[in-house]
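Next, two complexes with subunit A in common: one pairs it with subunit B, the other with subunit C.
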Partner chain A sequence: MSFFINQLIIGIQLGSQYMMMALGLTLIFGILDISHFAHGHIYMVGAYLLYTFSVLAGINYWVALPICMIILALIGVLVERLVYRPLRGSPSINTFIAAIGLLLAIETLVRGIKKDAVRVPVPVDRSVSVLGMSLEVQRIIVILGALLILLMLQWFIKRTRLGIAIEAMAQDREGASLVGINVNRISALTFAIASALAGVAAVLMAPLGAITPEMGNPLILKAFVIVVIGGLGSMKGAIFGGYILGVIEALGVAYISSTYKDVFAFALLIVILAFRPTGLFGERAA
Partner chain B sequence: MLELRDVRCSIGKHEVIHGVSLRVEEGELICLLGANGAGKSTLFRTISGVVRPRSGEIIFRGEPIHRLGPDRIVRLGISLCPEGRKLFPRLSVKKNLMMGAYTRYRNRVEVKMSFQEVFELFPILEERLDQDAGTMSGGEQQMLAIARALMARPKLLMLDEPSLGLAPLVVKRIMETIQEINRRGVTILLSEQNAAMALSISHRGYVMENGKIVLEGSSQELMDNEEVKRAYLGA
Partner chain C sequence: MKWIKEKLNFNLLVGLASLTLAALLPLLLQRTSGGKYNMIVLTYAMIWAVAACSLNLILGFTGQACLAHGALVGIGAYSMAIMVERVGINYWLAFPLTCLLTAFIGFLIGLPSFRTRGPYFAIVTLCFNVIVYATFENWTWLSGGLAGQSFEVPPVLASRTTKYYFVLAFLALTVVVVRQIIKSIVGASFLSILSNESLSEAVGISAFRNKLLSFTVSCFLAGMAGALFATVSGRVDYSITSFLHSFNILVYTLIGGVATIAGPVIGAVGLYYLLDRIKGFGEFRYVGFGVLLILIIIFFPRGLMGGINQLRDWVKEKRSTKVAPQGEVGS
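Here is the complex of A and B:
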């Protein structure tokens, strides 16, 4: 039983990471209809930024967190402005290719600077025992940190003028511009938020594993699976989908086999799409 | 107040507005008649900045606006209540109206007054404040669309086919409200297929066919015109 609960906590922690990534993707998809395949690589850049600040520059981990978020938000704005905006109105295959190109460019650039895997020390290097099993404190930090960010994002989207404008634009782009919403500014804002979310995920998760130039690849695949499972453009779907996938993966690894770690996500995708082609909360077919 | 000079627009490669010129004076209620596909909606979207004209000029209160984006044009005082309404279906009535006042967020007191004003015009909206816009009836949605456009406090309100698909009783109600909005000092440009109804409330009118203005005059003149009678009034 305690083993099960321990795996469950690890699953929720994995799910927290997935959720933050999927939320960003689904926000961007909802607003711009863009499949931002380079989002996982934005996450990877966030992890390297953390390494740069906390290991190379010796800045405190908790100070490095907001710095990484802000820098990633700015990178997100640049990506929207320089890569995606010039392609607006062109066939979606073009944005598709641009996203893949961006992903390769970022990965190659980072590999050129630092080829080998690096590590960041855990800020709170302790474990607590949960029902007789030991659990790293960092995992609890990931879970609570993600929850806090989630609540802040919900408040922003549901209660503030700019947040509601994001939803409004996702629901009717022309209607949004007709009430005076500057759609370019909202697009940039959405990219900033999504990239900052990837930044939080990266900074919280980085101390738990190795940082490599390829680390964004499996993550982006799973984040996309979650977005499709949850329903394209649905925030609720990204949240539930993220946690569901995290838990299934952790339990699958524990009770079936770790060899199939990355298979569970896609099995889940196939099963859910077979019964609900629009995803759990979606209105649009995937 | 608003002047279009030889405005031409294309959608894709095809020119759909072939040199339209028209004037709207402060305080007027102008109707724009024309069949489906005559170019009325494209003309409205062009004035709003959603579509850029290929050539020609659009002057609003002495200022050329044909190169501005839609958000700037709303700020200058032109609101469009578009064909098909373009509401935010999964946002509440209240949030739809809040978004209508998007450009005026700095003046909370005035926005509150605007809420009162649209509730006076459309009492049903106050009852439905927390309902999602997409779950309301067609007539209610049309009222919300007009109310949302009013929340920006426009000097010129453009209404694109507000009666489309609504029951006759609702149409009558909406037309009366449009007249009331005009009486309160908002200049109105109204496009309609329901020519009799539109001419009965407007001061002047233009008739559009195949992307051109083919006829203009006071509403009375248009009502008496044989061509208009035959083509639009079904007499």
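Here is the complex of A and C:
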């Protein structure tokens, strides 16, 4: 039983990471109709930034966290300005292809600079015992950190003027610009928020595994799977989908096989698409 | 409509001229010192051109971006190698069987995938590619792991030159087949889905059925590319099923010119050869690859051939104002 609970906690922690990535994607999709396929690579850049600051430059982990978030937010704004804005109004498949170009460029650039996997030391290198089993503190930090970010995001969107503007644009872009909402500024802001979310996920998760130039690939696929499963553009779907996938994956690895770790998500996607093509919470067809 | 006829004849002429040129090239290459190596590079380039043409059918002419073509080529290559080496089927029988098998697998993949549209179809097919890759990576009894599955080609195809001509013949065949499909009534339904899916549904064209048909044919051709790959390389390992190949095929098709007959061929042969030439840059080559892809999709969404066609139409329009401007199909 304690083995099961342990796996469940690992699943929730994985799910927290997936949720933060899927939230960013679904924000960008819901507001701008862009399939930002390079989002996983933004995450990868975040992990390498953490490595640069905390290992190479020796800055404290908790100071490096906001720095990485801000830099990634700026990168997100840049990506929106240089890659996606010129493509506004063109077919969605063109945007997707541009994202693939971006992904290839980022991944090979990073691999060209630093080919080998790197690691970042865990900031709180301790385990606590809960219900008779030991649990790494970092995993708890990931789970709680993700919840905190989730609450902050909800507050921002529901309670601030900018957040309400974002929601207005998600509902009706033309109507929003008619009442004086600056579409360009909101697009940039959306990318900044989504990239900063990826930054939090990267900084929190990076100490738990190796950092490689390819780490964004499985992550982005799973995040997209979650977005499709949850329903396109649905934040609720991204949150629940993220946790569901994380738990399924952790239990699958524990009870079936770890070799097929990345396959569970895609099998789940095919099953759900076969029975409910609009996803769990969505009205729009995928 | 006379000028369309002229244009067709002109295209045919260019096609025949390039085929002749490609057929004569080995005679020239055999005389130079680096020519033999270049011939192998060109042979591989033509295999990817077959794959790019097959992607063009589903992406360019039906508007569905499939990102499983790397896996499909890989399935083709493996089924060829396994059928000949382990099952012991004759090479010439295994070849069409491979194409049929890949088409059938493509059909099965298409059934759930075409419930989604646009970028989400691309993601679902990419997921399939990842599943196929993970399967071949882990089922070493099937794939032979890193060592792969060796493969002995019939003696007729043993030499470099015959391989070159063999692949060239299949490339020419692929181009002709794709062209004939596009000019046929089925091709017209594909193009109508590309232009406007809901409208074509409204006039009684089943989008699902036509997409599935286009995809199955595309997979048939991708399987052929795989069989050719196994023939030329003589060994298949699981890295062939990687989704990086899917991305590469996509880039070849787009840069050459999506929804044109010649575009994928020019893109694949040109880019593959170019990338091999600048091998010295290592990984950084692909940074340029990615940036180029972004620039192409922003500034020339129809690639090299699309740009040339636009230029030609523009010149035609300038010369004779009588001809009404022809609308582009889709985007």
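Methods note: the second predicted complex is superposed on the first by the 286 of 286 C-alpha atoms of A that agree within 3 Å, B and C clash if a C-alpha of one lies under 4 Å from a C-alpha of the other, contacts with A are read in each partner's own complex, and residues count from 1 in each chain.
Here, contacts are C-beta pairs under 8 Å (C-beta built on N, C-alpha and C of every residue); 3 or more make two chains touch, one makes a residue touch a chain.
Fair warning: this is a prediction, and the values are worked out from it, not measured in the lab.
Student: Check the residue A:Ser90 against both partner chains and state whether it touches subunit B (first), subunit C (second), both, or neither.
Tutor: second
Student: Once the structures are superposed on A, label A:Glu167 by its partner contacts, choosing first (subunit B), second (subunit C), both or neither.
Tutor: first
Student: So in the superposed three-chain picture, is A:Leu109 touching just subunit B, just subunit C, both, or none of them (first/second/both/neither)?
Tutor: After superposing on A, A:Leu109 lies in contact with subunit C but is clear of subunit B.
Student: Tell me the contact category for A:Val118 with respect to subunit B and subunit C: first, second, both or neither.
Tutor: A:Val118 contacts neither subunit B nor subunit C.
Student: Would you check which partner chain A:Leu8 touches, where first means subunit B only, second means subunit C only, and both and neither mean what they say?
Tutor: In the superposed model, A:Leu8 contacts neither subunit B nor subunit C.
Student: Give one of first, second, both or neither to describe whether A:Gly175 is in contact with subunit B, with subunit C, with both, or with none.
Tutor: In the superposed model, A:Gly175 contacts subunit B only, not subunit C.
Student: For the three-chain arrangement built by superposition, which of subunit B and subunit C touches the greater number of subunit A residues?
Tutor: More residues of subunit A are touched by C.
Student: So, does A:Leu221 touch the first partner subunit B, the second partner subunit C, both, or neither?
Tutor: Only subunit C; A:Leu221 stays clear of subunit B.
Student: Overlap of the subunit B and subunit C footprints on subunit A, residue-wise?
Tutor: none
Student: For a test of understanding, state which residues of subunit C touch subunit A in their complex under the given definition.
Tutor: Interface residues on the subunit C side: 63, 65, 112, 115-120, 122-124, 126-128, 130-131, 134-135, 138, 247, 250-251, 254, 282-287, 289-294, 297-298, 301, 331.
Student: Would you mind writing out the residues of subunit A in touch with subunit C in their complex?
Tutor: 35, 37, 83, 86-87, 90-98, 100-106, 108-109, 111-112, 115, 218, 221, 224-225, 228, 232, 259-260, 262-263, 265-267, 269-270, 273-274, 277, 285-286
Student: Okay, in this complex, where on subunit A does subunit B touch?
Tutor: On the subunit A side, the touching residues are 161, 164-165, 167-168, 171-172, 174-183.
Student: Going by the contact rule at the top, pick out the subunit B residues touching subunit A in the complex.
Tutor: Touching subunit A: residues 48-50, 69-71, 74-75, 79-80, 82, 85-91, 95, 98-100, 102-103, 105, 148-149, 151-152 of subunit B.
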